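A, B, C and D label the chains in the order they appear, each numbered from 1.
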Amino acid sequence: MTIQEIQEQIVSEFSVFDDWLDKYNYLIEMGKEVPRIDERFKTNNHLISGCQSRVWLHAENRESKIYFTADSDAVITKGIVNLLIRVFSGQSPEAILDADTNFIEQIGLKEHLSPTRSNGLVSMVKQMKLYAQVYKLKQDN
Amino acid sequence: MTIQEIQEQIVSEFSVFDDWLDKYNYLIEMGKEVPRIDERFKTNNHLISGCQSRVWLHAENRESKIYFTADSDAVITKGIVNLLIRVFSGQSPEAILDADTNFIEQIGLKEHLSPTRSNGLVSMVKQMKLYAQVYKLKQDN
Amino acid sequence: MNGFTASELNELRNQFPALHQSIYGKPLIYLDNAATTQKPQLVIDRITKYYTFENCNIHRGVHYLSQEATAAYEDVRAKVAGFIHAAKSEEVIFTRGTTESINLIASSFGKLLFETGDSVLITGMEHHSNLVPWQQLCKNHNGELLVAELDERGEVSMEQYGKLLEQKPKLVAITHISNALGTVNPIKEMIAMAHANDIPVLIDGAQSVAHMRIDVQELDCDFFVFSGHKMYGPMGVGVLYGKQKWLEQMPPWQFGGEMVDQVSLHETTFNQLPFKFEAGTPNVAGVLGLGAAIDFLQQTDLEKIGLHEMIILNYALEKLKSIPGIRIIGNAAERAGVISFVVEGTHPSDIGTLLDKMGVAVRTGHHCAQPVMTHFNVPGTVRASFAAYNSLAEADIFVEAVQKAVNMLC
Amino acid sequence: MNGFTASELNELRNQFPALHQSIYGKPLIYLDNAATTQKPQLVIDRITKYYTFENCNIHRGVHYLSQEATAAYEDVRAKVAGFIHAAKSEEVIFTRGTTESINLIASSFGKLLFETGDSVLITGMEHHSNLVPWQQLCKNHNGELLVAELDERGEVSMEQYGKLLEQKPKLVAITHISNALGTVNPIKEMIAMAHANDIPVLIDGAQSVAHMRIDVQELDCDFFVFSGHKMYGPMGVGVLYGKQKWLEQMPPWQFGGEMVDQVSLHETTFNQLPFKFEAGTPNVAGVLGLGAAIDFLQQTDLEKIGLHEMIILNYALEKLKSIPGIRIIGNAAERAGVISFVVEGTHPSDIGTLLDKMGVAVRTGHHCAQPVMTHFNVPGTVRASFAAYNSLAEADIFVEAVQKAVNMLC
């Protein structure tokens, strides 16, 4: 699936909830299923700065696609991280670099990812794109 | 005359003017007639701080009365200084220490002498009272 | 004496427009008062009035607006002096806030007195603003930062404090009330102990001025600092109170504007107190707003506010304790203002996020007191902090919301 | 292009409530804009709105109000960056004002680069805020403050400036526009000359941002500083722009609050730009008000404002010159904003007092530029300074008032 398609899928999953409570319950569930980072990567090097909770992110390159794994000590954060991984993991560097994250707004979680917010999830998206950038450069050379 | 009487006299002199213009013209006239400080006292020691214009003040003690002389490079300032000298010069230290300066308000020049204003005329009154204080202490000993 | 009656509280709340709004469709319950309080209408109006009719740069201006603004500004200085019972108005310096007040002292007092190897004594519960400036000052002088440690309740051991004083630090800098734990330090005793060793004391009053009567002369502290925005006043204004004998000796910190007397290209003499420490155009609107905030506190009765807050805090505390897995961080015998807690199996930020969705604004994280978090071995806490306008009903909703969040997360 | 039409000016004036009042029964003519400008309704409203509905402490808060306030605050940072054409938002640091911005640089840049004997180069027309910090910095390093002198018109000699650069000062610090003389310095040229000698340049933009378009990248200045309150914004807020390469290297100045990253009792690591330089709770309301002031300037058209002011200034200048005994202090070929003058046989404070009685607010004194007064051998000057909302009719009344005052005094 393309990034666009996955985002639409997520938006439609969330559209069945009209209550914030259900939305967050679902998010908490998703948090429990985040593709776990290998324990040996849970180092300061992989820590995303600016988060209230700690978030570790790892990226791998296989066949011109990037695969992310992550963890966090806060479960709601993990839920959102999981959404981002679903969207970005297994995509090409170009697709990741081009993608926006408007779907977060569409599912009514905008407070977690608005670009001027000084929270760590914004840094997390930046970090994912940075990985994509780096792989792209490697590819191009 | 007592301080009170002189103040009343000044208030009545000013009461004939109902225009600020005449009031200030009179003040400017008064400024030209300030009892001049001896040139040798026009030193930094006699300078009142906090004034936009420079004001020098000197005090002398004769027969338990204090006599002030002064000068300033601004004529309106000199006018007000002259009013203060008319009121305070030739009075006893006790009388000077007890006196207020409400007459300045009564003649409509309050902006020049309101106590919380950070201008030099306020410092000038303080300095006059300080001289009085010092002479009183000398007397008492 | 009791807290506010229902109608008193109602009237009080009506003075705060920010309280009457909804967040995600839920009525706002504002329990982040230790970060900043909401502002009563009278403070907002004072600022508006200033900018609408009185705005002007102050000092040295001969024209009407400037004279009026100068008088109003200096009136607030006298009001602040009265509010904290300072001996003289000149002992009140306006700053941007607690942080700037402390940095000013660290720099200027440091220059005055510090030599190689000199140290400062603080406690283990200091806000970064009353920790990092001293840590850096000590570092620059190859001195050691002395730290009176906390016990498991979040109190300072008086015995250890006494021992550390014997190491002759050049200054003691302690918070009156901990913003992370709510601990009220026995500062009167601590000041007396320091003075018995000839050591001056700075009190960080950021968390106390809005909750209790302060008398700097009775406390006999050498410095007392606080922020306007935590006492119902505006942001961008704070106070540094210092005993005249220190302020007279201390060199100026920032240069420019009203703080000079005579300036030539190669020499400058400085103005007298308090102007010596107020460089540049001051925040006149902020200072006038602070004056209005003091009016508000005096009209409302500061002692009654303190009592009212204590009733609500204790009520919330007791109810919270019934939540399974909860751990209250900070259990000092004397406490005020804040409740900090964690819940087993949850992260503070998760609880904070869910409370927010229920309209309850609390702060989560390290509260700019990372060493406190390290001491209690927590990544951060959830902190509810109370102000005059909070109610028992709000405490109920808050505790229920915490219960609900915990149910979702565990 | 022309200045404002009568109806444009009328509309503009209607945005400023402070202009529509009487002083001693006379309509206020506010010509003290170099000290501080009046505030448009939109700035006042922004502050009111913030305190009424949005008030909150920013950064690190997970709750709604805090997130919104943080976003609004950071939006203004981006807006300021756009306004002065900075390459990045992170190059914009919020301070309390020009004076604090300069003191921050003097302290931090001083620590970074200054060694024994190092000097700073300024001009003879600097405001004390851009003089005393450098004088003291040089003094502390046993260096000499180098001063590019003024000629009789109040201009810097480019030749002497060039010579002084050869003495390799560590920094050049010059004002864009003199607040005492109105001289506009050829800063682009001066920056280029300094850079040719590898010397970084700080521009004091306090008197220029409200009058002309600023492009820090085009100017290529290393630092550019200004105050909100002189550009229709609130007091207690200012800006320090610095090139990233400098700001990255410079050590933090004040400690506490958001400027740290990790803190233990004995070690601290610092946050990244711009937070590294913003210690303590910032003046959020002030920053939002500054954002509104930029909106005002952009809506009104900054270039048109500059032109309009120039027309009025030149008009007033010509008329003033016909008053017998008048001496204009500062006759630079390029001038903006202010007219300074003295009248033979009178003292500036006398003229100021009488103008005030006629409703005309001007500033008298040394304008925090005592060396300028010494240079021109005057005890001070009367200074009229102009803003977007002043009119030719006001210039007429002003000049007539001066004439009337002189008649009374001579």
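Just a few scattered comments:
The working rule: contacts are C-beta pairs under 8 Å (C-beta built on N, C-alpha and C of every residue); 3 or more make two chains touch, one makes a residue touch a chain.
Source: prediction; values computed, not measured.
Centroid distances built from C-alpha atoms place B farthest away from chain A.
If you average the CA atoms of chain C and of chain D, the two centres end up 31 Å from each other. Remark: chain A and chain B have CA centroids separated by 77 Å (rounded to whole angstrom). If you average the CA atoms of chain B and of chain C, the two centres end up 45 Å from each other. Shared interface positions of chain A, i.e. residues touching 2 or more other chains, are given as 52, 111. Counting partner chains per residue, chain C has residues 24, 60, 62, 64, 349, 352-353, 356, 364-365 touching two or more of them. Interchain contacts give a graph that is no line, ring or star and is not complete, per the touch definition above. Across the assembly, chains come into contact as A-C, A-D, B-C, B-D, C-D.
Residues 24, 346-350, 352-354, 356-357, 364-365, 379-380, 408-409 of chain D are the ones touching chain B in the complex.
The residues of chain C lying in touch with chain D in their complex are 17-18, 21, 23-24, 28, 30, 32, 35-36, 38-39, 43-44, 47-48, 51-57, 60-66, 96-100, 102-103, 106, 124, 127-133, 135-136, 145, 147, 227, 229, 234-237, 253-258, 260, 262-268, 279-286, 349, 352-353, 355-356, 360-365, 368, 370-371, 374. Per the touch definition, chain C reaches chain B in the complex via residues 59-60, 62, 64, 67, 70-71, 74-75, 78, 261. Interface residues of chain A facing chain C in the complex, by the touch rule stated above, are 20-21, 24-25, 28, 52-54, 73-77, 111.
For chain B in complex with chain C, the touching residues are 49, 52, 111, 114, 116-119.
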